[in-house]
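Order as written gives the chain letters A, B, C and D; numbering starts at 1 within each chain.
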Amino acid sequence: MAMVGNLSNEQAITAYRNALRARALDMKIISAQRQGIIGFHVPSQGQEIIQIAISMLSDKEDLIFSYYRDLAMLLQRGVPLSMIYDQLLSNSKDFQKGRQMPDHFSFKEFNFSTVQSPVGAHLPLTVGAAYAMRYSKKKGIVIATFGDGATSTSDFHAALSMASVFNLGVLFICENNGWAISVPTSKQTKADIYKKGAGYGIPGKRVDGNDLIASLAGLQEAFDYVRSGKGAYLVEAVTYRMGPHSTSDDPKKYRVDEITDGSENDPIRRLENLMLRMGVLDSASIQSMRAQAKEEIDRTFEERMSIPPTEPETIFDDVYENPSWIQEEERRDMNAPD
Amino acid sequence: MAMVGNLSNEQAITAYRNALRARALDMKIISAQRQGIIGFHVPSQGQEIIQIAISMLSDKEDLIFSYYRDLAMLLQRGVPLSMIYDQLLSNSKDFQKGRQMPDHFSFKEFNFSTVQSPVGAHLPLTVGAAYAMRYSKKKGIVIATFGDGATSTSDFHAALSMASVFNLGVLFICENNGWAISVPTSKQTKADIYKKGAGYGIPGKRVDGNDLIASLAGLQEAFDYVRSGKGAYLVEAVTYRMGPHSTSDDPKKYRVDEITDGSENDPIRRLENLMLRMGVLDSASIQSMRAQAKEEIDRTFEERMSIPPTEPETIFDDVYENPSWIQEEERRDMNAPD
Amino acid sequence: MVQSLNGSIDMLMAEDEKVIVMGEDVGRDGGVFRVTDNLLNKYGDERVLDTPLNELAIIGMATGMAMYGLKPIAEIQFQDYIFPAFDQIVNNIAKIRYRTGGRFSVPLIIRTPYGGGVRGGLYHSQSGEAYFAHTAGLTVVTPSNPYDARGLLVAASRRNDPVIFLEPKRLYRAGKTEVPDGLFEVEIGKAARLREGDELSIITYGSMVPTVMSTVEKNGLNADVLDLRTILPMDVDAIITTARKTGRVIIVHEAPRTLGVGAEISALIAERAVDSLLAPIIRVTGYDIPYPYSHEEFYLPDEKRIMRAVDRVIKY
Amino acid sequence: MVQSLNGSIDMLMAEDEKVIVMGEDVGRDGGVFRVTDNLLNKYGDERVLDTPLNELAIIGMATGMAMYGLKPIAEIQFQDYIFPAFDQIVNNIAKIRYRTGGRFSVPLIIRTPYGGGVRGGLYHSQSGEAYFAHTAGLTVVTPSNPYDARGLLVAASRRNDPVIFLEPKRLYRAGKTEVPDGLFEVEIGKAARLREGDELSIITYGSMVPTVMSTVEKNGLNADVLDLRTILPMDVDAIITTARKTGRVIIVHEAPRTLGVGAEISALIAERAVDSLLAPIIRVTGYDIPYPYSHEEFYLPDEKRIMRAVDRVIKY
């Protein structure tokens, strides 16, 4: 039975469960960061629902270039919690060998590309990936997520230019959380973000990214457009950054006038209320799902904590496929006896 | 008496005279280039009229960031032919001391900024200049010209972003001549250029840049908008590149299907026909104006040809306000006896 | 160092209304490292500009301002993020005075925190000074303490040319050098001799200065220590003088070795003081790898690596 | 060299349909220097892409292609115009293998003409190899003749990592080296010893090779001459071997001296062969000024300047 539209109860419950997992994970990371166990974190609180909607609509073959704030997207797409922790803890099971800051993921098995810190720099890569997929006659589209600040970057312009001129199947999704660190969207740009495709002939649409039903409905149109081979599409998902920009940020400096507890805007609360209203869940089941999520998050954390770090000298690997004499010499230097 | 709209006969005749001068100068440079006297040239043939219209509407205080293909604009704004030749010949009277390739002008007295080769790189500077003017309460607006290819650059995006966010008085004018070297505008972008402001909240307009009357009418609206303090504006002036991209280019490789003599699209011919039809000029006066233009162009060329080149060791000046020991040492190296 | 810089910018703004501060988060937030704290309140949003997220736009706009009468101090939030503006830096600001025959100048300061040691991984740790120091037309400075931070910033603001002002972020809150009130200058192009010695020379700058000094002190080294302070143009006289004096030279910096600033220092000595050399010139530097998140303590030159080089040149 | 490169790309495309050519004017026009002439006709517009005017977009898109199975050869029309893509080059392509723990690679060739001598002024003459050679993760090569052009390009295309392929535009139509038919490799990382000699060593590469060779021949110098061919990673063994052998080293390149590639060569020698040095290591290079339009003949190292250095090291 569908909850709303095509959304079955099971799907809705799964979405909700992953939202809870993401939220619990986010809180866990923040506390681990405070204890000095995890180095840094960019919380995704307030943006879980749009991220989950993206994962719900994307196929396995679709290639996702997510950004640093997409925890919930990973969980909904099935990335095991253990793999996420391995990266956050930069332990020796981390596929990236501890090379990147927390939240800079790359899960090739799940068709997630690679996250970098320079804002927007993944965007031009998406068009190349889409070109490669089309050229090699592979199924699937490319999906890119990014923040409102990213729309100002040169990379955004470059990506939309190329996507349009070569008619490439890239679905650009801006998670407009209202802020680029301390800069509100109103100072980032004077135009509506979803209209920024107009200068390239790329259609756009704004969706309420805090609402699962609205997100799915809005995104569906965009996915259909891109899958049909018509070219790129730009979605602006309006969300809300409930917390600080990152664990290094203190929003009190710039967010003074605002109610910052976010309860009004909490997308998970919204989904919860809807499901309660529709009778899909009751408060007891919500309590138990929360407890389950927390239990899993805590347990897996303990489990992955015990994995040792990478060996220091691995820092010399992967600069090239085969290290040059320079890396070899420097490796010896590092290993030299005192 | 006005020829059309506000345009007086005198103004029209002056515009026409400067168009003839620009055309004659352009041909002179090309022949001097063939003889090895001038190193290089980017012809402006086919784009004279929109350039002249821009100069007609701009005030002395307005600051113009032109690009490398704006000869006619200079002449209409009153830059003496001698100064233009000095740059083209890179002789010792060239204000720039022979540092730049031909056509890379900077005429500070006439409020022309400085032309660089990297396409589009002047555009972000225009917003800074506009900011400085507003901050210092100076009169005038900033005008920027550039080609269709330039609209793809990151600099274009950066400039429009900043102009809009800080509400700066910059009039962006794209001289869309249909080509970026061998790449036709249809492959440069899938959107109409004048609509590229939409993503920044900047209004735009397309004008027929080959027609003086249409150019003036269209530009007037844009100038008014910017002068009134409303912010930036984007004009797309449709023109026609009658010749090769530059003296190094051979358009036969890529312009095969096209009538390239340009007579249909020659904006000067169009103005001439209009003036003949309106009785503002007759063919005798046209003949004599042509002869006059040619005479001036030839005579001034001879005159400036005799000016000696700069001294070689001046290449070490102006790297900094005060040279560092490095330039001083290298200057001595250059002057060392054999 | 943060306080010294903040106070310096404040005084420069008070002194000259043509000084404009701009960059990402420099206003309300006061900069992610608080270097521009409180300036927005004091000078208003016409003089302190929170900009959109585009470094090319920031630098390009600042360049236009500088050409037409203002004196912008632009912040790039991390030096790692300056590269989107690299074309503007190399092709515009470094060349505008030259290409206009001196008729335009670009009196612009680009401030940016650089270097590692803050667990920032690949993109919050780079030391990119060499990318700039190869470019004639630029001036590149980096202070190693709060006093020089103020003196160099003031000297930069008195110039009529663009200055890349690199702030070693690891030292932002380190050390307690006294900084006199008011504005004063530290001459650009002049190194500081931090210590006199005869047995060897250690040439360094920026973030590595405290590491070098503590190594020298702890091990009682009889070393001449130079803090370059200006990277372009380098103080060649100071470099050659110390090389001639001791004949044993070690260069320490955090940036990767290959074509790092140490290469130029070494080459200057090999050109001008080769006869005085009693030992190889050793570079102790960051490794030629992207800056790793894990194990950065191995990446950064430390006492152990410096002492290994010292032993080598002394026993040579 | 143009023909050799054109033929090489043609054969690489014929051999592997994953090879894609892209850039401004590379299709219909065949490239402004004709290096990609006729490829569009032969391979169609899915494999030869005329792109919009944005170097960031070209390199960024090519990077995405390379990560997902294609082998792009991207052209930047002049090396002077590569800087808008500098962030992609330094922060993405050089670091993607590293940051993903080796799970992604970027097998991408960026071809671009560089250097002066064509009256191109500030923006059609730069030699920017040092900007790239400071960046671990990149490989930087430059041929000095048509044979090496083919051999290095083929070797680059066999790599699974990004290569900056610098083409000395002044030599595009110079020289008449025989180039064998078919594809062959010149090993990346290996210098060519162009001439054996005992009295001094001249180390050079790219556009300066013919100037050095004619100077050596005209003046009957007893010189060991190295053509580096690969700039990153440099052939340190060849450099140290020749320095040890002659004890007198001159380095010749067209890029400015300060932090040019010569600095690294000199530093490697000062680190590893200081005892063999019989004279200062002299760098004969372009000057530390923007590349001037007028008088470029004074800017470029020439026989006179090379011979002055030769006299100095020999008489020393």
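FYI, a residue touches a chain if its C-beta (ideal position, glycine included) is under 8 Å from a C-beta of that chain, and two chains touch if they have at least 3 such contacts.
What you see is a predicted model, and the numbers here were worked out from it, not measured in a lab.
Q: Where the contacts of subunit A and subunit C overlap, which chains show up?
A: A chain counts here if it touches both subunit A and subunit C, which gives B, D.
Q: Quick one: which chain's Cα centre is the longest way from subunit D's?
A: The chain lying farthest from subunit D is A.
Q: Just curious, how far off is subunit D from subunit A if you go by their C-alpha centres, in Å?
A: 40
Q: Centroid from C-alpha atoms only, then distance subunit C to subunit D, rounded to Å. What do you get?
A: Roughly 29 Å, centre to centre.
Q: Taking each chain's centre as the mean of its CA atoms, how far is subunit B from subunit D in angstrom?
A: The separation of the two C-alpha centroids amounts to 35 Å.
Q: Residues touching two or more other chains, restricted to subunit C: which are they?
A: Residues 51-52, 54, 56-57, 80, 83-84, 87, 91, 95, 98-99, 122-123, 136-137, 233, 258, 287-290.
Q: In subunit B, which residues are in touch with two or more of the other chains?
A: Residues 97, 99-100, 104, 116, 118, 152, 154-155, 157-158, 161, 165, 187-189, 319, 326-327.
Q: With chains as vertices and touches as edges, which is it: line, ring, star, complete or other?
A: The chain contacts form a complete graph, every chain touching every other.
Q: Okay, in this complex, where on subunit D does subunit C touch?
A: Residues of subunit D touching subunit C: 56, 80, 83-84, 86-87, 90-91, 94-95, 98-99, 122-123, 130-131, 133-134, 136-137, 232-233, 255-256, 258-264, 266-267, 269-272, 274, 277, 279-283, 287-290.
Q: Residues of subunit B touching subunit C in their complex?
A: 63, 94-97, 99-100, 104, 106, 108, 113-114, 116, 118, 121, 123-133, 135-136, 154-155, 157-159, 161-162, 165-166, 317-321, 324-327
Q: Over in the complex, which subunit A residues touch subunit C? Could you list them?
A: 39-40, 90, 97-101, 104, 116-120, 149-150, 152-155, 180-183, 187-189, 248-249, 253-254, 309-310, 312, 315-316, 319, 326-327, 330, 333-334, 336, 338
Q: Any idea which subunit C residues touch subunit A in the complex?
A: Residues of subunit C touching subunit A: 24-25, 27-30, 32, 50-54, 56-57, 80-81, 83-84, 119-124, 257-258, 287-290, 292-295, 298-299, 304-305, 308.
Q: Using the touch rule from the top, collect the residues of subunit A that touch subunit B in their complex.
A: The contact residues of subunit A facing subunit B are 152, 154, 156-158, 161, 164-165, 187-191, 195-201.
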